[in-house]
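Look for subunit A in each of the two complexes below; its partner is subunit B in the first and subunit C in the second.
Right, the complex of A and B next:
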């Protein structure tokens, strides 16, 4: 048995175990713990496949942020979950198992019947990369070749925040999100919230700046910034902003707005929507990425913070 | 010289892995949350420290070595904080019962 296999086999088995655990777990808290471990293991697999950008995104968004959202949901549901005593009937459970198995089989068959040499645009994308001035092909695809997808992704992010905010009660509409911070008066968490953010800020900006040429990017960097802000909020060192604050709303749409403006300018300057005039491609991409990072970090943090609950003080 | 460095790496990383192994055994065998935390934090702090120490001679450049040390320091900071927070919750839950 060679080293590669000796390493990949246990990781693969662990991955399947974590996946099975998060499906089979009875309560939502245990399922979430399984899901987070599953995400971390998946990131190791992506690393093994040399897909560092995907690994970073998986750790930051797939495992970290989604895990945090699910943990928050599990905490809110805990009381309700304990009250549910009615279990689905045996027939219903068998039916659900059959439906799930059918989906799994369908996916497996689809994967197995894919053509051996999968259709790929990787070659042309790498060949056209010098025109963007970027060194990281993943970022080139995200910010130039498939810029429209990335732009819409940011719009969806803002819409999701609107969705969370629309769950606010009438009185909370002018208030602040209420973050649960059971450790707010705790010196330990306050110490971390004072020590880590400078490092995190630098690291987040580094991920974005470096993303032009090496693995990283605005989304991964912004997740780090959002985590730092959440840490400060959870330690009780700062209060979540009122959601009616003008600066907050401007910041929440700054990314997509800048992207749209640069895209429209591309119609005149480069002949197509979201096209960059070639000599300035890289600087324009960085110009779009900075406000995008602001939007992503603010929206992600506010998604975790939840809908505003507290009525505004006089 | 390089053989000596390799030997150092093997010894230090093996010692680190031993700490992780002991931490996992403790996590599985110890009776309550506080003692389990006690076992785990040793694995995190000393185990990772020894692994990083062992990898230092293999680092390609000074900055790579610095990065390894920085990873260890960050894990120390996070591990110490999270350990304290979990211990606090465990103690509160214990006194409430």
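Right, the complex of A and C next:
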């Protein structure tokens, strides 16, 4: 086994350290900070694996939004978690560690014995790409070749929002999600929340538009938009909308609804569900991507914001 | 050993680390974080398979890469739902762990 590693080894070690820290840290706040740094490190790994679209998604969603969600939860649960005294016994922990190590070793052996000639769909994907009018093969897979997955994923997003909302107390249905804004009096945050959104909006749309041919896409762009909205909410400059608002509900289903409509039209125009008639493929994909971006950004932000609470004002 | 193999081994280790946290930490929020680590390790294994399938002038097979992007979004949705459930459990007096002696709502407390 000859080593040809440069900075990959330290990156890998840092990655595992951050992961171990987010499991072992004493309080959940530190663990979450560990998890966020883990997300940034794994984005570097994705870059190294030449998966630039995944790196963007990981930084934006895996690290950024998940981090925000977990930090909020850690802050709310801090007191309750401090009361925990019961831990598994040492013997039990050693047993668990051995079992987990066995699983890890089994996977590692699988990795080391992967077949030399790796199976790949890169060739067929590139060959069929011109028909979609896109230049980014990952986006081609997402929006055309495996559009069904992407469509269902939008449905999952909307369903999980329904799930989160359904946890609201009865009186919450007329209310708004209550974001924790512990830094609302912070001048720096307010300044950022006033100046950053225009740039963020432009950058988000750029990621979506450019995603047709280069790394980026509707998700990554929409996550930037969601982050901008959350920034404004967390700085206390605007309130989260009431979940009864009709525009909100229309926006939340606009993406999957348009996708479904275009998909059904494909049955008549191109002979299959979610197929695009060839000369119009790219314009149809963009037509689907715009409302999809609206849906993703709104649903992602509302998922972070959590269930609505009782309206405190009339 | 190539960088791709190294990251594959990292993915295997991540699954192990996450699984350990999931099994041994009684705090539910920590179980959610650990479960995300397991998921992330699996995604990384996908990434390694994608990188090995580099062909046709691409740095990696775009199909597993696209699946991982979908997976990241679905993992986030599931995490958001899990966190909302946890906070509701906490507000309803059920505590934030499987072991806390807090007000009675949890009946399936494992013996340790």
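Everything below uses one rule, namely that the second predicted complex is superposed on the first by the 302 of 314 C-alpha atoms of A that agree within 3 Å, B and C clash if a C-alpha of one lies under 4 Å from a C-alpha of the other, contacts with A are read in each partner's own complex, and residues count from 1 in each chain.
By definition in this document, a contact is a pair of C-beta atoms (placed from the backbone, for glycine too) under 8 Å apart; a residue touches a chain by one contact, two chains touch by 3 or more.
The structure presented is a predicted model; accordingly, all values stated were derived computationally and were not measured.
> Record, for the superposition on subunit A, whether partners subunit B and subunit C clash or fit.
Superposition result for subunit B and subunit C: fit.
> Report for A:290: first if it touches subunit B alone, second if subunit C alone, otherwise both or neither.
neither
> So in the superposed three-chain picture, is A:192 touching just subunit B, just subunit C, both, or none of them (first/second/both/neither)?
first
> Looking at A:260 after the superposition, I want to know if it touches subunit B, subunit C, both of them or none. Which is it: first, second, both, neither?
Neither: A:260 stays clear of subunit B and subunit C.
> Tell me the contact category for A:275 with respect to subunit B and subunit C: first, second, both or neither.
Touch partners of A:275: none, neither subunit B nor subunit C.
> Check whether A:219 is in contact with subunit B, with subunit C, with both or with neither, and answer first, second, both or neither.
The answer is second: A:219 touches subunit C but not subunit B.
> Once the two structures are overlaid on A, work out the angle subunit B-subunit A-subunit C from the Cα centres, in steps of 10 degrees.
Taking subunit A as the apex, subunit B and subunit C sit 100 degrees apart.
> Which chain, subunit B or subunit C, is in touch with more residues of subunit A?
C
> Let me test your reading of the model: by the given contact rule, A:22 touches which partner, first (subunit B), second (subunit C), both or neither?
A:22: touches subunit C, not subunit B.
> Using only CA atoms and the superposition described at the top, report the least gap between subunit B and subunit C in Å.
For subunit B and subunit C in the superposition, the minimum C-alpha gap reads 23 Å.
> Can you check the complex and tell me which residues of subunit A touch subunit B?
182-183, 186, 188-189, 191-192, 195-196, 199
> Considering the complex alone, what residue numbers of subunit A touch subunit C?
Those residues of subunit A that touch subunit C are 1-5, 8-9, 12, 15-16, 19-20, 22-24, 28, 31-32, 35, 38, 42, 45-46, 48-51, 53-54, 57-58, 61-62, 65-66, 69-70, 72-74, 76-77, 80-81, 83-89, 92-93, 96-97, 99-101, 103-105, 107-108, 110-112, 114, 118-123, 125-127, 137-138, 140-142, 145-146, 149-150, 153, 156-157, 159-160, 163-164, 167, 217, 219, 296, 300, 303-304, 306-307.
> Which positions of subunit B touch subunit A when the two form their complex?
74, 77-78, 81, 84-85, 88-89
> Which subunit C residues qualify as touching subunit A in the complex?
Against subunit A, the touching part of subunit C is residues 1-21, 23-27, 29-30, 32-34, 36-37, 40, 43-45, 47-63, 65-70, 72-81, 83-88, 90, 95-97, 99-102, 112.
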